[in-house]
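Here come two complexes built around subunit A, the first alongside subunit B, the second alongside subunit C.
After this line comes the complex of A and B, so read on.
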């Protein structure tokens, strides 16, 4: 376990260093706009943010403040620090992301089991997955927006005012993960069914419900568990497309806009955040897997 | 049963968005990066600040300079000095607005430690540039008394009163800045000198404004603006009556016009122009003959048709601005263009046109590509780049031909014409013309309007008829969907909506 955490920290440091230097290597800076700044003004700003120091000095300064937990000032939102941006936007993304996470888990697993075990449902469900997955999420967002809001007015088109505003973004965000999980579960369930223990347990007199609920589910879930780690990290940090289309004040947007704006500190902060969440989630799923599946405890 | 109830509740909630008559709902396309007049640079911040703050002067709907917090002003010493007399007015917390608030604000903008991007805006003020680099401690602004400000400029500028309507020159409250830093204007502690106060600000989501009771001509109105960057969502919000107006990018206009919004679409001419710039030091555009030929081989009306809106441009000062003269400029003449090309004696097979990718820019570039092929028989390679990378390239090593735009901060031709002087940091054409520089300098201090017009006419002729370092393409329009209930909606040529005059009648 300790080894894993240590490896995680090393990964984090490598990602951080690479991001730092690649960012500075991309042409264009945070204060390049259509109206060019006179050198005097640029000098003032560079001094203020230490952008005119040698790159390695900037790097060391950044690491130092990072160790104190300070991600630095945003270069675009000049009254905010990157810590502020994350603390105000992450909860919004996380709320929607967690709802979408559980929804896609629930739908994915139940539909997947239907596909893998049910005789009559198999084909339609599997076709349904193919439809879900063959369309990008911005396409789904537009479709849902068009039918459920623009045409029928059942749900509000955008913003986050009431509960009903959560509906379309959560659905949009869940569609593709649902199909992924469903297909995974379906395949595994089909494999499991062909294994001997099914007949064996039946002959022992276990009820169908118990066989499905206890033995099959457990065996099907362990591969799901190992793949939902990244999914969870992705969902709680927000999605650019969903947040843009539904005008949600989440963090997902910043992953794209901060790069466009060359907001160095924000890009760094978000990369670090995403990377750390991913590492933590991966360590946790591994740990969970070991509890569920004794074979993993090597 | 439970699920059905749940949906029923959702349905009821979503239908019950009651709207009141005294509240205007709108959208802004992005979150204002900062609402500190010293740090704000973009148009969304300007829109908000312009409604909650006020400068010495302001603009009416036709972009004339009218009194703002200064009720009158005097021009002394041929435009080298200005005396502004403040009106009796208060901040939204009841404190008096004084000359010191302006002096503090200007000095804070210019203080090198503020790191203000728009610091250079006040460089015309005496000593401002040296103050901004930290070399000196005083600038040419002083309080004669509590209500009178004397401003001394480096050189005479006749349009200085138009400049002090801009957000960077707004007064600032020392006590609040010292306490709250760059967040001094934020609710709940902020104090405002404009017609509205900033009631609530949910970052990246919504901004609520409310009439400022201490404003010298107060209105009781409320405005709520949502941050919506996606146009299709905005259209849905508009159609479902969640918002009363929205801006539409021009390339979408043609799609919308056919539809259901007849009579709700408005286009306002903007002080913003698009042009093709040449690197006049690089082959093949180092010859004015060739530049002229390329300029005469573009029918600008065709571009307008392709992008759906805009005013074709042959000259560079936009319509509605002093100095606009549509008779100046090279007309579309493909025959003459071919002749000029022949006359130059150069054989051109292919050129490259650089631009940053946006749907609109792409349409423009494709059309120009087609026209140059059709009218000159020259192949055009389109090179797209990402915005910031494009900017850096144009600045450090300008390509032979590129597309750029320019927008005015204040309604004076100097804003547009200074752009191409030899010392301008935004002139990427490598073109330098002493006569042009001199004319622009003279026009800056020329109080006589007809003489000033003559100077600009002459300068424009050099720019777009003789030397042709640029081809003006068109002047933009700002396009809006506005609900029939909304009256007096006019963002003006600077595209800054003043909610003070907007009325909602149903």
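After this line comes the complex of A and C, so read on.
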């Protein structure tokens, strides 16, 4: 466990170093947009943010302030610090992300079980999965918006104010992970059904419901747990798209605009945040996997 | 099933390749008198906000989409296979090290890496191809490595070693031929992945710079007018959807 946390910290440091140098290597700087700026003023702004210092000095300064928990000032949103951006936008993204997480787990597991065990459902559900993953999420969003918002007006098309605003973004975000988890669960359930314990318990007189609910579900759970890491990764990048579509002021939107604007500190801060979320999630799922599956303990 | 899909994909691909023979209209010619007109016999898919013919833009855009996705699938297969074979065949510390690096890259969201790399390499076809292939070879390498480990423990390899075959001979004449089917499937499955990633990138405004078009860019351009001129989003989306779906199904049925 401690070893995992240590490895996670090392990964975080590698990501930090790589993004730091890649970002400064990218052509274009954060103040290129303001063409009207005279060179002296630009010079002064750069000095103010310490962008004129040699790279290694900037790097050491950044790490020092990071250790104090300060991600530095945003270069584009002038009055904001990266910490403020995160504390404002993270709750918004997190609410949508967590709702989508549970929705896709629930739908994925139930549809997957249907595909893997149901006789008549198997083919249609599997075709349904193929259709879901063949369209980018913004394509699904455009369909949902067109029918539920423009034609019928059931759900509002943008922003995030009342409960009904959550439906379309959360559904859009859940579509693709639902299909991926469903396919995984379906494949595993089909494999498990072939195994001896299935026939064995049936011969002992256990009811079908009990065999499915107690034994099959438990064995299907471990691939689901190991898919939680990739699921979180998808939810983070999916938020870039969903937040653009529905004009939601969350982290994904900030990330994309700051990459385009070369806002070094915001990109760095958000990349580090995303990366630490993923590391924590991966460590936690591995730990859970060991609890439910004794084979994983060594 | 396989032949239906192959025929369908060839029709789309040929239509894009021979676009100048199918439609006489230029994808770049603007016509202010006919802005956002609905589909008609003259413009089968209607026109966009600059009066350009959408049908010809979809066909020409398909070229970009196919070129980017096919080349990046090839590159990612090449890198992935090379590293997968080396890592699986050599084993030991080298293998462990490579696997650690792969795990690191794999746990990082691929779209995040693609975005940062695209901005670094530039919003041009070569930049997007490179950033897609540099991110996705990891999956290929993992699968190939697993298969190589299985293959190298087979008796035929043992027989090869007993006959005095060199390592290179074993890799190229014993292992690689057995990977053929797997590699074809991986290749077919990589293309739709690349098509989707490219379209997502375009949608976020980080794809190719205008006036070049791909299906993703067409959707992005029509997006703001979704409720007023839905045909701008519908037609390119249908092409993305049908192409990706048939490639996935083809990969499954190979």
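General observations
The rule is simple: the second predicted complex is superposed on the first by the 291 of 298 C-alpha atoms of A that agree within 3 Å, B and C clash if a C-alpha of one lies under 4 Å from a C-alpha of the other, contacts with A are read in each partner's own complex, and residues count from 1 in each chain.
One rule holds in what follows: contacts are C-beta pairs under 8 Å (C-beta built on N, C-alpha and C of every residue); 3 or more make two chains touch, one makes a residue touch a chain.
All values derive from a computational prediction rather than experimental measurement.
Legend: residue contacts after superposition of the two complexes on their common chain; A:145 is shown touching both subunit B and subunit C.
In the superposition on chain A, A:11 makes contact with subunit C only, while subunit B stays out of contact range.
Applying the stated contact rule after C-alpha superposition, one finds that A:194 touches neither subunit B nor subunit C.
Once chain A of one complex is fitted onto chain A of the other, the partner contacts of A:26 extend to both subunit B and subunit C. In the superposed model, A:240 makes contact with subunit C only, not with subunit B. When the two structures are aligned on the shared chain, A:134 is found in touch with subunit C, with no touch to subunit B.
Residue by residue along subunit A, subunit B and subunit C are tallied for touches, and B comes out ahead.
Looking at subunit A, you'll find residues 26-27, 142, 145, 150, 244, 260 touch subunit B in one structure and subunit C in the other. Taken together, the subunit A residues at the contact with subunit B in this complex read 26-29, 31-41, 43-45, 47-49, 76-80, 88-89, 142, 145, 149-150, 153-165, 167, 244-247, 249, 253, 260, 262. By the touch rule above, subunit B contacts subunit A in their complex via residues 9-11, 13-15, 17, 31, 33-36, 39, 41, 112-117, 119-120, 123, 129, 132-133, 181-183, 186, 202-205, 226-230, 232-237, 239-240, 242, 386-393, 395, 404-407, 425-426. For subunit A in complex with subunit C, the touching residues are 11, 14-15, 19, 22-23, 25-27, 130-131, 133-139, 142, 145-146, 150, 229, 233-234, 236-237, 240-241, 244, 256, 259-260, 267, 271, 274-275, 278-279, 282.
Within the complex, the subunit C residues that touch subunit A are 104, 107-112, 115-116, 119-120, 122, 192, 196, 199-200, 203-206, 216, 219, 223, 226-227, 230, 233, 237, 240-241, 244-245, 248-249, 252.
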